[in-house]
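Here come two complexes built around chain A, the first alongside chain B, the second alongside chain C.
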Partner chain A sequence: MLEINDLNITIGPNEIVSIERLSIPAGRRLGLVGESGSGKTMTAMSIIGLQPREAVVTGSITFSGTEMVDRSERELSDVRGAEIGVIFQDPLRALNPTMKVGKQVAEALRLHKTVPRKDVKTRMLELLEQVQLPNPAALARRYPHQLSGGQQQRVLISMAIACDPKLLIADEPTTALDVTVQKEILELLARLSEERGMAILFVSHDLGVIQAISDYIAVLYGGNLVETGPTSDIVEMPRHRYTEALISVNPGHPEDISASLGEPLVTIRGSVPPSGGFLPGCRFRGRCPHEIEQCAQEPLISEMAGGHTFKCWNPVDEAAPALAHSAELADGRR
Partner chain B sequence: MTDEAPSQDTPVPETDGLETLEGSTRRSLRWLPPQLIIGGSIVAFIVGIGLLSLFWTPYDINKVDVPNQFLPPGSDGFLLGTDKLGRDITSQIMAGARNSLLVSVVSTIASLVPGVLIGLIAAGAKPMQQRILSRMTDIGVALPGIVVALVVATSLGPGNTTAIVAIMFWLIPTVARVVIGPARQILARDFVEAAQAYGRSRRFILFRHVLPNIGPLIIVQASIMFAIAILVEAALSYLGIGAQRPTPSWGRLLKEAQPLIDQAPYLMIIPGITIMVAVIGFNVLGDGLRTYLDPQQTAKGAGV
Partner chain C sequence: MVRVLVRAVASVVASALMGSIIVFLLLRLLKGDVATVILGQTATREALEELRAEMGLDASLVEQYLQWIGGVLQGDMGTSYAAEFDIAHEIWVRIPLTFTLAFSSLILSVIVALVIGTFSAIHAKNWRGTTVDILSQVGIAVPSFWLGLLMATLFAVHLGWLPAGGYVPLSEDFVRGVKSLTMPVLALAIPLSAVLVRYVRSGMLEVLDEDFIRTAQAKGLTLRRAAWRHGIRNASIPLVTVTILQLGQLLAGAVVIENVFTLPGLGRMLVVAVGGREPLSVQSLALVLMLMILTLNFLMDIAYGLLDPRIRGRGRTVLHA
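Moving on, here comes the complex of A and B:
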């Protein structure tokens, strides 16, 4: 349903994002994972033409068969909200502080959908109920700052789904929330996506969160799509060295905190260079513990069964389970 | 990640759950900044006597009563005295309030609407257009008000209309300039991007999202514009290009008192003090509103 081909986003001389191919089938959930500055938000926002003014987007993004790149602001407005919904990282900042939440949801409803005026309020309350907000009538009369973080995010979700979009872009929607609320929001998003057949593009730096919600995972590093495939393949059998490193830095026992307290935290050595500061060839070069000579050349896309692709000259062995490598990989152990 | 704090997602109690909200609203209503009370009282008093003069003044404001000329303030039956033709000063001050308020209300509203509009459009415009509009407002602000008023007076003739048009020339660019900055700040906030992501048009965002967020600023600005308008109206009437007889006006009282300053100084002092009190009243009210509407502003920073 969403197809990205040869997408390039540049700001000035620097290439921020370069993605050869990425797609989301209708009704499925894709997790876009990467570090800060890896271009994941930029990629997601460019789908609806909301990249920064100075960014230049080339290539092709087709949504339900129509090309999104280079469409006029007016045409984009018709798609935004109506066919593609968006939720943001910080729900409080994404809500207008001077408007009661009920009114904001009602406006989202009225914008693209021809809901009869008298039904708007009922529909608004239904929406608030669908995102599992208790006592919607009382809540609708409140201002955003009077709600908890989780409630704010639910309100935002209800606005995003108000017009029954086919795709929901979720830009780090749980990052600003604490862990228990995070889980509830993830469950809500998964449920809504299933009930409505709504695809989700889930952007996060947190592989654990991505893994919990996504059918597919796409790993971005330095604006390059380094690996993509079905969630279980990626998590159990990563091939790219960066994905492998990402998995190894996730603390081991999320259910049992005490078990991991004594263990040192694993990190990936170094940090992402600023845009324009990448070495030629593979962008992970310089931080990768498995670097070989060939890595100075642009890596090619290797394809495996089940749509699993990666771009690495010296990939993880197909048979080797990921975590076995973590000790040797983790250069930054303290 | 391993925060053990309980979920923030507290359920809303079935009993409407607005206790806390009501509590905080009540508290903020009870605490009124002193400037708001003082300024509000002065303004209310002036509005009161202005309205009262529509129905009743101690004497007809233009009634000539030569035997009673130059009565000093406090004379029997003439609280603030009489002028050279024996006309009652109290009545003229009361009726003058009416005229001052009329000119101020009309010119403030007539300046606010286009000023805010220009400011919003400039803030939402593309960088180049924004620069052009900003510089144009700068030029507008730089125009000398009195000279503009004189030019307007030559084409329209003296009178309230001239005063209103001249005040508009002065205030529209000021308002636009005051609006641009904060409006741009609001436009940079996340909920504006969110609104864009929901497919909102630029115009919708400017009027539904930006305007309410700069509302308090505009209200405060309006009260200050009021004070300016009163001052300018008085100045123009004093120069003879504002209200003419028989229209009552504070500035005109000043003008008529000028040749008699040695003989009857109170004729100048009384309207002078009236204008001063009115201007201070609106300024203090503006300060009070600023403190009241912006909880982040400390009362310390408020000066007249």
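Moving on, here comes the complex of A and C:
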């Protein structure tokens, strides 16, 4: 349903994102994971043309068969909110502070004339109820700052799903929330996606969160798509060295953390170079402990069964369980 | 709410009294007094002393002030020495004109500034934004009275579309009233809106970067519509502060413009009274003008709460005079 081909996003002389191929089937959930600055938000926003003004997008993004790159603002705004909904990282800042939340949700319905004018209010209250907000009628009359973070995010979700979109773009929707609320929001999103057959593009730096909600995972590093495939394949059998490192540094669920208390926190050595500062060839060069001579050349895409693809010259052994390598990978344990 | 209101009114009155004392003292620093104006330069010292005693000008400053303010509190501002009209009545009949002039200019400038400032913010990176920028620079540099004179020359003298001066009350003949106020209001509003445009523009540029504008776009609004529906109100909040700071300028401008267009408002009365060294008239006018500014100020303060639900109900009583 969503197909990305040869997508390139540049700002000035710097290439921010370069993705050969990425797709989301209808009704499925794709997790886009990467460190900050890896271009994941830029990629997600370019789908609906909301990348920063100075960014230049080339290549092809097709949504339900129509091309989204280089469409006029007016054409894009017909798709935004109607067929593609979006929720953002910081729910308080994503809501207009001077407008009652009910009115903001109703606006989404009015804009695309989803329901007759007289039914807007009823539908708005229904939406608030669907995102499990208590006492919708009273809540609709409040201003954003009068709600809790979780309630604000629920309001945003209700706005995003108001017109029954086929795709929901969720850009770090749980990052600003505390852990228990995070879990509730993830469950809500998973339920809505199943009930409505709505696909989700879930963007996060948190592999644990991505793993919990996604059917597929795409790993971005330095704007390059280094590995993608079904969630279980990626997590259990990562091939790219960056994915492997990412999995090994994930401290896991809060309940599991107590087991590793007292041990040094594992990190990936070095940090992401500034855009334009990458060495030629594989972008993980310089930070990768498994670098070989060939890595100076642009890596090719290797394909495995089940749609699992990766771009690495010296991949993780297919048979080896991922975590076996984590000790030599990590700075912290040396 | 009642307590807030009482405190606000008390602070308005206190500020006005303070101001009236300052004006009262400043007036005494001027060379010559009403006695010399009435009797002329050649009058003998005895004649002057006699007239001053007759008018109560020989009393101590404290006595003079208390007598005046005591009268004011009872609604009696005294009588003009030279022309012998009742000052309170004269001010009362002139207030509507000056208030209409100042208030319409204020409203017009705010509306114009919001429209043009938003337009320029949306087009900040192309020639349209730059053009607005240059025009607003020019607008700020143009003094009201000069603009008034230019307009009078063009529209009244050469084209004959509008009267060059005089005033017809709106209640008497609405169309002629509007015509007589058009140029004075424009002369005041154009420089003021040029100042305000810059604040709307920078405020709106900031708001356009806010996440909720992106949310509005994600809902399906174009940037322009998102700016109008979600930006204006948020960008207006800082505008209120700036507008409050411009109120004094605005009334000072109104005083000058009334003289350019010979409008019988408070400003004309003030200039005549200063020329005639009429302490009671000048004091009373200054007091009334201050009350007007403070009232507008107070209304703007309420506007804060109406615009921004986050500060509503916190009882803002800060005055920005």
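The rule we apply is simple: the second predicted complex is superposed on the first by the 325 of 334 C-alpha atoms of A that agree within 3 Å, B and C clash if a C-alpha of one lies under 4 Å from a C-alpha of the other, contacts with A are read in each partner's own complex, and residues count from 1 in each chain.
The rule is short, and it goes like this: contacts are C-beta pairs under 8 Å (C-beta built on N, C-alpha and C of every residue); 3 or more make two chains touch, one makes a residue touch a chain.
Because the structure is predicted, anything quoted here is derived from the model rather than measured.
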{"item": "Clash-or-fit label for the pair chain B, chain C on chain A", "value": "clash"}
{"item": "First, second, both or neither for A:His145, with chain B first and chain C second", "value": "second"}
{"item": "Larger contact residue set on chain A - chain B or chain C", "value": "B"}
{"item": "Partner chain in contact with A:Ala305 - chain B first, chain C second, else both or neither", "value": "neither"}
{"item": "Partner chain in contact with A:Arg80 - chain B first, chain C second, else both or neither", "value": "both"}
{"item": "Touched partner set for A:Leu111, first chain B, second chain C, both or neither", "value": "both"}
{"item": "Which superposed partner A:Asp90 touches (first chain B, second chain C, both, neither)", "value": "both"}
{"item": "Touched partner set for A:Ile48, first chain B, second chain C, both or neither", "value": "both"}
{"item": "Shared contact residues on chain A - chain B and chain C", "value": "48, 50, 77-82, 85-86, 88, 90, 93-99, 107-108, 111-112, 156, 159-160"}
{"item": "Residues on chain A engaged by chain C in the complex (per definition of touch)", "value": "48, 50, 53, 73-74, 77-82, 85-86, 88, 90, 93-99, 107-108, 111-112, 143, 145, 156, 159-160"}
{"item": "Residue ranges of chain A touching chain B (in the complex, touch as defined)", "value": "48, 50, 76-82, 85-86, 88, 90, 93-99, 107-108, 111-112, 133-135, 138-139, 141-142, 146, 148-151, 156, 159-160, 169, 177-181, 184, 251, 257"}
{"item": "Chain A-facing residues of chain B, complex", "value": "1-3, 5-14, 16-18, 20-21, 189-191, 193-201, 208-209, 212-213, 215"}
{"item": "Residues of chain C defined as touching chain A within the complex", "value": "125, 210-212, 214-223, 229-230, 233-234, 307-310"}
